[in-house]
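Chain lettering (A, B, C and D) follows the sequence in which the chains are written, and residue indices restart at 1 in each chain.
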């Protein structure tokens, strides 16, 4: 199983190097992500698998395609020689292999990584945090601050895209004119599917404590629902429902919610993000805290993902002008 | 716990939170005020922290109330606080400066997100300097990086876009290397907490995984540090970014990279392993020397002053890495001193150029015509900053040079002393190129600008001159810089 | 022998990483660079997850009775890392779009040529924003 | 606060205040120049009082700041320093007087800037004179380069700009490359930079290293214009005459040799110097410079250039004396700083006066102008005699000691070089009055055009001083002997 997966991964990677049709390469990348996700599953990393699938195969691929629409599908044959890159790569690779020579074998339960910090998470978290999904516990509580940082990264990406591409506001949209043409079947399918997608998203959002999932995955799914709608029912319809300016603020609110929890506990005399300030009962305090921060993450991810999509698709209609605006 | 106990997190989180607030209020003026307030708050906070640390040693703050190594720890020692002081002070000045410069250089509907992103960059960099957890450090590194790519891409000249992209690719490669390095360390120790690592690593120094991890961390950081030959992203990035951004990044970003280097080499790993067991000292000296000479030479031939200064920055980083490579207390100390002083010089110079761009519309030699008459204060600032860059006695630059040369003599490497001085000679040439262009009377034929006095607004002059005066002050009274740097070096070389 | 089996996995991962890295530094097309970057990072993630794997261990979700789980920490780290990488990718692609608009190409060497052209000295980036005009009016 | 400390402070602050004050008088030239004159006279009085009050056995110490732990910016004058400070303070008022006349008649632009930086240069020179350790000396050595730079490029012409580059390039280049290195290195070895009578280096210092250091110090001090680092001095002659006169015949160049003397006497200690082969080498290099410079001077047609090369030669007298490091040669060197100053400044004044009156800058054009400007040329002749070292003029004393020094140390070749150069001086200096008085001039009518003007007054004064220093060299000897006692 593993071997097969790895083999397929290698094939995909090599193909990605060789093929010049960027559209194909992007597709290959999507496949690659799926394979990785599967591989993660086989390594018991269910949350990661979920995310990788949603992000790698989902968002990233969509963005790349949106970009290709503008930048053209085929890559020119590169002139410059590949020897220096080859040397660099082989040196780096050699260094990595050298590094693995003393590495603990795959799956060795006595490896240092399994011995030192993680046992606490595995043994204590069900009691301390009171939720079965250890990944969520670590993500949202033990290392909740990292996740706050992560949320800010997302927020920053949103700002970045707004700054770099600007974003079409709800005014200038073309209801009905769809990106992939008018196809009744699709419309019906999507109409039927959409509610389930959104419901599933909510489920993932709330279920994060018990199974795979959490704010991040939920946000992406929720957003993809809208994206699907936008793709099928014509550019801009989604913008009418959630105007970009509103999204911007929504994203900000999401981050603020997360940081706010931290500040709340801080001003109640506890350390930043110490959930025990939220309730007298330690486990329920953890529950509340995790719920709130996951919600914050979900909101931010949703709105940023959608913003980015809008920005890219909005850009797609703009024909490349050659005349330049005089200096400001 | 009183608010003061929370300062370590507050000085990071306040600028961080200010960013989404800017977006919520969605008004240029408010964003500016918010940013300014946040930066000044952090500045005051770091001053308070400095006093606590000098009085009662390093501070540890466990986030989420989870004890390290299970939770994330914030840890402040002298080195961190030096960097934080630098960052927050420069950030405050730059934001103060930004008001008009931004209005002119950045389109109206981008100003709000601009300030938000700038705040994220500031917070990200501060977060790096304060974090006691290697992965948390990585996260904040990414916040600051993504913010910086964006800020650079805002430059008016379209080359800014290409520069930003280059930086993005290089930076991400560097980050991934760092990630791999951290992975290797984790693989063998099972921990991410710096102190915990520093306790567990020594027994593993012969382990090949650890050594590989060390290599990847170093290379990754050196990419961010723009150490020759990994510097190619820097010149255009600094040259074509908006003035404010160039000033801020030039003064702080690479310095934080140096901080990361020191932190990993001397705290996570230890002095003997990093600079004696591993051949890093030789490498740093070699690359540093090449950087000094080559970049200074390139700088001489630039017509765009921002680009000129960017190359000089690479040279200065050469000095710093060279001093680290000397592998002595004095060397480390002089590296820290120069890190501090160079930030002051470059901050002053880039801000001054920013003012020049604001008034004259460009920062190339041809724009310098009659600057002295037109903007005397700005010109004077550029001249003094330049002298400090050369290392003329009476300026901060001289102190750096003094200690670096002392360090290399102490290490018995007098050729390096000569090299450093030779670098200053090259500096004389490219600095004097600026000074001549500025002080030169406009010959009637090429007199482009009217010679009426037309000085930059006060919100620009104040930050510029604050930095210029700092340059002179720290050239005469080195109580703060030198003593702090030496103490920090002692701690680092001695261990956490 | 078991040694090889245990490390083989890492080596394949390393190969994948290097494949991505190679794309980044060898390809001239900016989009492909970004794709390579994503490949590079995605493979690095596999390395992490491999570190956390415990043979015979359960998915790190607590169930009564079992006490051998895979290590949740690497999973958490990689969750964060994935998010970071997608954010970077988005920014990169956005910049590429602007580059295409202002340089009308996404081939590195062509851009270099345009950059080096003297007559393009301090020419402003073409700012192209429907949204902008709207907001400016209102 | 002790009086002498107050006076030291005054020496530094008076010219500084003048420099800061002048821009405010931009509108009214008369007021501006009144301020300069007043300031300069106050300075002279302070210097004189300091000389009167100072107690050399425990000199006053004034610490300005401590930029580097245990290397303070320290002012603590010794006899040599006082002598230098007195010299500059004496010549400043005279030069200002001259400048007033010259700058106005010559209709120079940006006169305020000129006076401003002039005063600044004086302040820095005072700081050099009073400096109590090598760090302080180095700092102000660099400052002097920067302060005089705007004066060199005053004209703003292309030629001036190139001269400026050369000036800055050589002076700052050498000082950073060698002098700074030498300073830091000595600090590194000795752990101190404070000037001490018997030197600072521990007895067990590697003599080879000491040789290197001495070379670094001497070549680092390009202001002393020892060949091959002399080119900046002729280049600097594009500056207005008063600058060439006070700065490039006195303040700057003398600051150079002053630094060398300080280094030789108070960092190395003359006993150590005399053991170093490097010192002998440098002595011979100085000897070579003396002759070479004189020969070049002989070929210069431009008066100022000729005087510049003559200065280069004269400076090497002092270096020579310093390197021989016998008590009498040191006395000679210290003395020559003063005596040559009076002679040379007069010569430059005269050159300027000639330029003003006849608009001639070349020796070959001077035929017969003696009848037009007799007074100037008489002064020129007397000053020339002093510079050559003939009685009854001050120049004789210093040369006397120097020659004696060479003989004492048995370096007869150097003795010869001194005498040869004196001969050459005789030729290239006296050529000018000879042409002026005895050669016949063909064309233009010979009208007396020498109205009494400030600059003529200045010329007269300096010439008198040359004479006076021959007749009553008491002050000089008092200080010289103090230095000698210190050795």
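Quick note on the criterion: contacts are C-beta pairs under 8 Å (C-beta built on N, C-alpha and C of every residue); 3 or more make two chains touch, one makes a residue touch a chain.
Fair warning: this is a prediction, and the values are worked out from it, not measured in the lab.
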item	value
Chain centroid nearest the full-protein CA centroid	B
Most extensive contact between chains (C-beta pair count)	A-C
Centre-to-centre distance between subunit D and subunit A (centres being mean Cα positions), rounded to whole Å	75
Distance between chain centroids, defined by C-alpha means - subunit C, subunit D (Å)	68
Distance from subunit B to subunit A - Cα centre to Cα centre, in angstrom	31
Length of the line joining the C-alpha centres of subunit A and subunit C, rounded to whole Å	12
Interface hub residues of subunit A, defined as touching at least two other chains	96, 100-101, 103-104, 111, 113-114, 117-118, 121, 143, 146, 149-150, 153, 156-157, 160, 164, 166, 327-328
Contacts with two or more other chains, residues of subunit B listed in rising order	107, 109, 135, 139, 142, 146, 149-150, 153, 156, 180, 186-187, 192
Multi-chain contact residues (two or more partners), subunit D	none
Topology of the chain contact graph, where touching chains are joined (line, ring, star, complete, other)	other
Chains touching one another, given as label pairs in label order	A-B, A-C, B-C, B-D
Complex contacts: residues of subunit B adjacent to subunit A	1, 6, 9-10, 13, 16-17, 19-21, 23-24, 26, 61-66, 69-72, 104-105, 107, 109-110, 113-114, 116-117, 120, 123, 127, 135-136, 139-140, 142-143, 146-147, 149-150, 153-154, 156, 180, 184, 186-192, 200, 207-213, 215-216
Touching residues on subunit A, where the partner in the complex is subunit C	2, 6, 9-10, 13-14, 16-17, 22, 25-26, 29, 32-33, 36, 39-40, 43-48, 51-52, 55-56, 59-60, 63-64, 66-68, 70-72, 75-76, 78-80, 82, 85-86, 88-90, 92-93, 96-97, 100-101, 103-109, 111, 113-114, 117-118, 121-122, 125-126, 132-135, 137-139, 143, 146-147, 149-150, 153-154, 156-157, 160-161, 164-169, 171-172, 210-212, 216, 244, 308, 311-312, 314-315, 318, 320-328
Of subunit C, residues touching subunit A in the complex	2-3, 5-7, 9-12, 14-23, 25-32, 34-36, 38-39, 42-43, 45-46, 49-63, 68-80, 82-84, 86-91, 93-98, 100-101, 104, 106-107, 109, 123-132, 134-135
In the complex, subunit A residues that touch subunit B	95-96, 98-104, 111-118, 120-121, 141-146, 149-150, 152-153, 155-157, 159-160, 162-164, 166, 245, 248-249, 251-253, 255-256, 259, 262-263, 266, 269-276, 327-328
Subunit B residues touching subunit C - in the complex, by the definition given at the top	107-109, 135, 139, 142, 145-146, 149-150, 153, 155-162, 164-165, 168-169, 172-173, 175-176, 179-180, 183, 186-187, 192, 362, 364
